[in-house]
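Listed next: structures, encoded as structure tokens.
After this come two complexes, each holding chain A, first together with chain B and then together with chain C.
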Partner chain A sequence: MNSWLDSHLKDPRAAWSSHEPDKSRPWDRASVAHLHRRAAFGATPARISADLKLSPKMAVDNLIKGSATASDGTSAAEFAKFFDRIESRLGLDGPLRRIQGLWVQRMVNSPRPALEWLTLFWHNHFATSDVKVQNTGLMVAQIATLRRHAFGKFGVMLDRVAKNPAMLVWLDAAANRRTKPNENFAREVMELFTLGRGHYTEKDIQEAARAYTGWFVVQERFAFLEQQHDTGTKTVLGQTGPFTGEQIHQILLKQPASGLFLAKKLVQHYVSETDIFPEALLQPLADVFRESQGSIEAVVRTILESRLFHDPAGRRRRVKSPIEFTVGLCRMLEMADPMPPPELLADSASAMGQGLYVPPSVAGWDGGAAWIDTTRLVARTNLVLAICSQTGPLSGKLKLEDWARRAGSTSPESTADALADTLLADSVKPQLRLELRTLAKTTPKDLRPVVARILTDPSFQLA
Partner chain B sequence: MSAHQVSIVILSLDIMISYRRKMACILMVGLSISAGILVEAGQAKAKEPGQESLSAVMPDDTPIYMRINEPAKLFLDEFRNPIFLKALKQIPQVGSQMENPQIDQVKMVLGVLSSTEDLSWSEMIREILAGPAEIAISTYPVKLVMTVKPKDVARLGRLHAKLVEFIQQDAKNKGNADPVKTFKHGVTDCFSIAPTEAHAIFGDRFVFASSEKILGEALDILDGSKPAKATLDKEPRFVEAVKAAAPESRQAWAFARMDLIRKSNPGTYTVPDDYNPLLALLFGGWVEAYRQADWVGMAIDWKDNKPAIEAILPVSAETAKTEVRKAFTPPKGVYAAKPLSVPNQLGTISLWRDLGKVWNIRESVVTGPALQGLNGLDNGIGQFFGGRDFGTGVLGSLKPDWRIVVAEQVAKTMNPKPDLVLPAFAITVGYDVKDDDFRQRWVIAFQSLIGVLNVVGGQQKAPVLVQNQEDFDGAKIHSAKYLPPVKPMKVKDGETKPSEEGIHIRHNFRPTLAISGDHLIISSTTEMARDVIKAIKAASGSDTPPQAMSVEVDGKRIAGVLEINHERLVMQNMVEKGHGKSAANAEIGGIESMIKALNQARISAQDTENQYRVKISLDLNQVGK
Partner chain C sequence: MMTPINRRSLLKTGLAGAPLISVGAGSFPLFLQSTANAAKWDTKGEKILVVIQLLGGNDGLNTVVPHKIDGYSRGRRSLRLGASTLIKLSDEIGLHASLKPLEKSLNDGRLSVIQGVGYPNPDRSHFRSMDIWESARLDPNELQTGWLGRAMDVSLESSSKSRISGVHIGSRNLPLALRARRTDVPSLERLDQLQLKGDNSLTRMAAEVDKMRLVETNSKASAKPEMMPENSDNPLLGFVARTTATAVASSKKLADLDTKPGTVKYPATALGSRLELVSRMIKSGLDTRVFYTGLDGFDTHANQINVHAGLLDQLAVSLAAFESDMSEASQSDRVCVLVFSEFGRRLAENASMGTDHGAAAPVILTGPMAKKGLVGKHPSMDPKDLNDGDVMYHTDFRRIYADILTNHLGLDPVSILGTGFEPMGLIKKA
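Here is the complex of A and B:
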């Protein structure tokens, strides 16, 4: 058993109860940075200072609701509307890297980074790849659906995603005929989307597949062709009736395993991807899921406000994904407008192993240690060097003088400190701090080497 | 010297000297400048030392030479013309430089300086840049010598002395060291305010060089103490270029020895072997001429707000004999057809090109993967034409009178209106009307292609094309149109607000093949095909002189198309460059304004036995109207 989880396992309900800061676990800059790092790609010094004045609960509330305005000064609603329009327009006929870049740009500039962070989670959960779909318009529409329901009711999202044309094409279910039910689709719904392995039988899959008959994609739209639907009686997970696809979803979500399955995946996303969370520790979250009628927001709030989440021992137990790394450094260094060309950032993330819209399989990305093999680490370093370079298409967007002024830094050394505190928080070791200050003294008018040193430090690769 | 080159000079100075020195330097350069330069090329008569054209004294291996006959007229009358400035301001980078407060400071200093001679600053510049101005540049390393003849050299001397005094006094007031270095070269007083600048007044002209050493060398040449063994004006290539361009009748003229430039920096100014194969097939003759050319001439004519720039490439006797040359050049007395004119026209191109012959020499103009691609095209397209050989059987059966028209699609009449409204285009070319099999093959090829597109579209669950046929004005039109998008299906517990969806770019296209008399028309829309049928019958078109190619572009209308798609272009700019919305808006708006400012642009090309000439002409008179 993991030592840091042991204490929480003694009382799982207490582990997920609201964190009340005290002397041993203060609400300090490191805590705020941890919250933003885990739920919103990281925070600027100003945001950390602002949240420090709030309670953890209020900080989480603000994080989920997002800021009132985007980095360009437009209201959050206007920002969302404009980007929705961009994505629906350029996604229609743009190349893959264009929609990849658009999403990166949205993540960097969004006043609701927590929403983008969770949408990215759902993209991995409902992993669909344009490599097979070959239709960027459908891919963008799917992400829009995920974003729309990211914090909503899981049941509604499941219905929407299951009828999403990209998903149906991806799972070879674009023509689900009565005479040939698509078992693959039914299997993935149970195995990957709702229950996980071991909680259904082959018979359940075969019967559920009949319920999905009549689901088609016609001219890029979902279509229900009634004459192709099997109206007969089906028995799925012990329940019998002339079920439709939507009704199958309701049956699946009533299974105790579904709450545990989703709780586990959300905990892996927000808390730790390396630790093993026993069912007993997840059960309180599954209960929240059930009691809230499948509210994703309720589960996420519970996690982010919890004592377990704010346990300092739980920090840096995740390897940052390439997108997390890329978007995070842009947001924390306030490279938003202008930002490095988004398409190039998306290319870099792809080189690091995470191409948006092209997860490697239905199971999504492996994550964890797989993000930092030798090749991928080199790709991370290359991005950092390109951003910190004097020339090249990714250079020139890092305005450290402006950043230092906003951070209240008064000297190269204090800027180096501020950069370390913002980007590395409590993981910055005294020796590294000394090294950074020395570096700042060496090149006082150009602190890009300091930034490069921080971003390539092992601790910056962890969340 | 072009404005761009002037910018380069100033930017170079920018890099090399401090702000204050730069100000002084700009003034110095401004005194001679703005760059233009030189002498009466090839026309040097016996003159006193220091009075000859720069071309008559510079060595014959000078790779770049430029002259502006009346720099004051060009820079003060034409460049400063409000119409041109307005157009120039539309270019974001240039526009921001024009707003640079340093320009006002320079004007202020010029004003003070000119007042010492009871002149306005513009009168002073007009006197100093009376001309001609000449520049000679050696490359690798760069050596620049510029001379300009003022109207009154004595006045120039006084102004220069006053300027030096200003600079020295300013430095003294600020407790700085004297930034002006003075030195003698022979009996000539020389000055320098930066390591990369040195100047002197010599004879009847102001001489500016890119270092003290180079100034010294230039003065030695000018005063005849160390004359060049052979001078540029006697160099056969230079003589040929002068003969071709008649520089004395041009406002500005430039000459470049490509043989020397390429030799001194191999790999530069060459065309890669694997350049765009389509461009190779269309313009490979020019590219080959450029590859072979050992000189290039460039002339600027600017009258009545109609700037024009002409490039001249020589064709050597050896090149003239090649099959490539023959394939791309029309026989003597044969020209491109009259350009077509259609409603809402954005541009029209007429080009003489015997693609059958060009296809046969493709291995000479295209290499590598592009050549493989073309060979693949040979096999692939050949199948659509019943096994005809693509070169001889398809391209060889077409006449050389290629005409292309591009026109705006009227967005409000489009149903559905795509999110990005693209222009429509059509290509038309003649064919042997007696070859009935050929006509039939085109129809079959078109229908087959639509079938292939539908198969691919069907696999991707995308809309398919529906084919149609119609008779129009005696012509047969074969067309296809995408099915309109279906509305999203409502779901039971549906979302109250369906996601916003645009209309796919594909709805810009209604691929069409039309056959009208002895003309084939391939068009992106059926409407455009109908317009072209009418245009051919009406034999309409602008009255242009005989030439191998003509291109006419309506900048104002193109800007209109960009404006229609403004939001979309802003979006693309944001994701491509990382701009915020306001920055993207500004950049796209600037491009739109700049294109609008171009108004009518015309490109014409002439192929003669020993030269290629390409001329781009603009009409700025309609800017803002």
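Here is the complex of A and C:
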């Protein structure tokens, strides 16, 4: 099952070196589609054509920087400000569905989809649920923090997130008294945020917990209460001193395990959740992490520009998450403005197993094959049927004639081909292509059946 | 042996929208085969297992309460429960007052409480401990299948007399416990989640497409049903294709389920609805034999007392309703319910009026029991007997599984659990 990784394992440094397209691995539409599928939410035919003229490195660079303007012409900065403003106006107890819908809307329209895609990764890494926090204002503020630091230095991100009120409430750490340090918080910081299991002891957790004493949430804000802080010496991972929480983070990030842990998580997000990456293959990424003083952007760029990432054998090794599926089909079918009601799209994603702001546990969503089961697939199918219907609240936003015109297709069959090439890229088998053309011939004036058939195809569920 | 799925066979079942959507590829899932194999597999007398997993780590010490045993009151200064509130099991031990609805099952000899259950070197991570309980394997590299998944696999072997199929009722991902190699296990929370919904315009277009297909199929005798190669170079694609087939077929099957409500009232809670659905599936004659469900919220690190009482109340009221429902439908002798959690909680409460992750805990079984009431001794709470602040296990949980597999499901536990787990004789032999 891991055969495609075996060739890369022979020379891990070469695997993560820059991909230079050649005859056997050309920079073609399928390669561009792959980059956008993995680093954002997929690309429109026009975007694929544009990126085809660039080098892979430039295409990655454009994707990470984002477009200067959103689809409606507003500048990227204005776009971000607009959403931040609406979100903050909702206040501390705005309805959950409203903030879920706003984030979906932002992802569908954003000129920086790669930023939203990575923010979603951090939401899963620092998984916090409104079910317990019960305060949508704090939840939105947490995601804003994750977005701000998404491509930044991991150490800064960790300090900010650890002091984030939603996070502290979520981990029962909103009142960390000197007399009773909260081990749960220290445990999650090590187990889920930085090192992973097996790289620390129960004793390390107990000692680190003392460093976080004095950390409180007072009136929805982080507060350091000096008289509650344990100023004594602590021994954590072999180092001894009167550490503060921030100093604990520095110790954790100096551990070789932390670079490997983050490399593994990022590789799961961008490459494959089902393949097992041996440590030797992750080491070059951990090295990039260390040499760049913990720059997330440096690691992400290395992954996206790499030979391993662009190996065609590595395609469709990830199951699309429900948000990825939902936002992706909107972006690729250009249902951005006007789009189907975002709150209903968010509801659909919840039915498929991914409610934004409500991950199931501190470990986030299981992901991978766990995204796929009977009811979750029926939920995916039902979203597709609802979007393709002529009646109902999600219908009417799919403008296939406009889409076909922009894609430059000239007949129902060439539109069926263009839809398949955009949505499924190189995963279309000849038999399916034939079936899609037959569908297009059967109902030439209305290609909704072609879209329904494509979006429910097993290969569309994979990235 | 399994019937291949193709579009025509689904169309014959009249599935709305089928011509427009992918129907996946693979075999009909096991749990849908009752009608096809009704003659061959008589399911009426087959035993059924219902598993209720308490997620988050249930506080065993405040569920089966050792109120008179030395150490309890010391560890639980603010959370301790007094003898007068408890349901008496012995002079020293009583059940939490919220479990009162289960008193009837207890008095009828249908309930046992197995004490001190756990496994060697307890792990206090939720995820790891759930993996251990659900896979029944201590090796973290052996998590491909769950214990009930393997039970299903074994039952599919030709030498087996009856097949075991399962379904997960709940909103979490398919539990590892149900992951099998040879069959797909469906997962649902409510029946309407399996309903395919498209509007009339799509139904009309589906009919058009179907008409065209019929013409084409008749004109081309060689037309093949849509099948995807099972051994595709990407196993993930095969998996999604198979699950798509299961989803589409399940949708048809369960949409037709007899939906008449029974006379027993279930509470309007998460677990109440789940057990009501289990009951409907059992009473409709579906040949599913393993129903796996759960109740979340047991990770009570802070202000535990009311939250915990509420959760146990939900468990007891729902389970009592299910018990009386099964009794009314004369299914009691077929059904055994296993209630467990990934770990118990520490003896010493924390400073937030809650409890932290612990180790050994009691397990509850209801059904046709051979051993009733309290089984086994309560683990010692003497400080010298504690393991890192936790009570020690004396009964490996796999012995309970072995009992269920042997005495209830009629399977050889060794092939599923490995050797060394003696069945405990808890359940009457099938």
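Assume the second predicted complex is superposed on the first by the 460 of 463 C-alpha atoms of A that agree within 3 Å, B and C clash if a C-alpha of one lies under 4 Å from a C-alpha of the other, contacts with A are read in each partner's own complex, and residues count from 1 in each chain.
Operating definition for what follows: a contact is a pair of C-beta atoms (placed from the backbone, for glycine too) under 8 Å apart; a residue touches a chain by one contact, two chains touch by 3 or more.
All values derive from a computational prediction rather than experimental measurement.
Visitor: Superpose on chain A as described above, then tell me if chain B and chain C fit or clash.
Guide: In the arrangement built by aligning on chain A, the partners chain C and chain B fit side by side.
Visitor: By the touch definition at the top of the document, which applies to A:341: first (chain B), second (chain C), both, or neither?
Guide: first
Visitor: Which partner does A:392 contact after superposing on A: first (chain B), second (chain C), both, neither?
Guide: Only chain C; A:392 stays clear of chain B.
Visitor: With both complexes superposed on chain A, which partner does A:184 reach: first (chain B), second (chain C), both or neither?
Guide: The answer is second: A:184 touches chain C but not chain B.
Visitor: One more residue to check, A:373. First (chain B), second (chain C), both or neither?
Guide: second
Visitor: If you stack the two complexes on chain A, which partner ends up touching A:274: first (chain B), second (chain C), both, or neither?
Guide: In the superposed model, A:274 contacts chain C only, not chain B.
Visitor: Regarding the shared-chain residue A:202, is it in contact with chain B (first), chain C (second), both, or neither?
Guide: Only chain C; A:202 stays clear of chain B.
Visitor: After lining up the shared chain so the two structures overlap, which partner does A:319 touch, if you call chain B first and chain C second: first, second, both or neither?
Guide: Touch partner of A:319: chain C, not chain B.
Visitor: I'd like to know which partner A:141 touches here: chain B for first, chain C for second, both or neither.
Guide: In the superposition, A:141 touches chain B alone.
Visitor: Taking CA centres after the superposition, what's the angle at chain A between the directions to chain B and chain C, given in steps of 10 degrees?
Guide: 80
Visitor: In the superposition described above, what is the shortest C-alpha distance between chain B and chain C in Å? Please give a whole number.
Guide: The answer for the closest chain B-chain C C-alpha pair is 10 Å.
Visitor: Where on chain A do the contacts from chain B and from chain C line up?
Guide: The answer is that chain A has no such residue.
Visitor: With touch defined as at the start, can you tell me which chain B residues reach chain A in the complex?
Guide: It comes out as residues 419-420, 460-463, 483, 485-489, 491-493, 495, 499-506, 567-568, 571-572, 574-583.
Visitor: Looking at the complex, which residues from chain A come into contact with chain C?
Guide: Touch residues, chain A against chain C: 1, 172, 175, 177, 179-180, 183-184, 191, 197, 202, 274, 316-317, 319, 351, 353, 360-361, 363, 366, 369-370, 372-379, 381-382, 384-386, 388-392, 395, 431, 435, 438-439, 442-443, 446, 448-449, 452-453, 456-459, 461-462.
Visitor: Which of the residues in chain C end up touching chain A in this complex?
Guide: Against chain A, chain C makes touches at 17, 19-22, 24-25, 125-128, 168, 172-174, 184, 186-189, 193-202, 205-206, 208-209, 212, 216, 226, 228, 234-237, 239-241, 243-244, 246-248, 250-251, 301-302, 350-352, 354, 356, 388.
Visitor: Which residues of chain A touch chain B in the complex?
Guide: Touching chain B: residues 71-72, 74, 82, 84-86, 88-90, 92-93, 98, 101-102, 105, 109, 134-135, 137, 141, 144-145, 148, 156, 159-160, 163, 165, 169, 174, 217-224, 246, 336-343, 397 of chain A.
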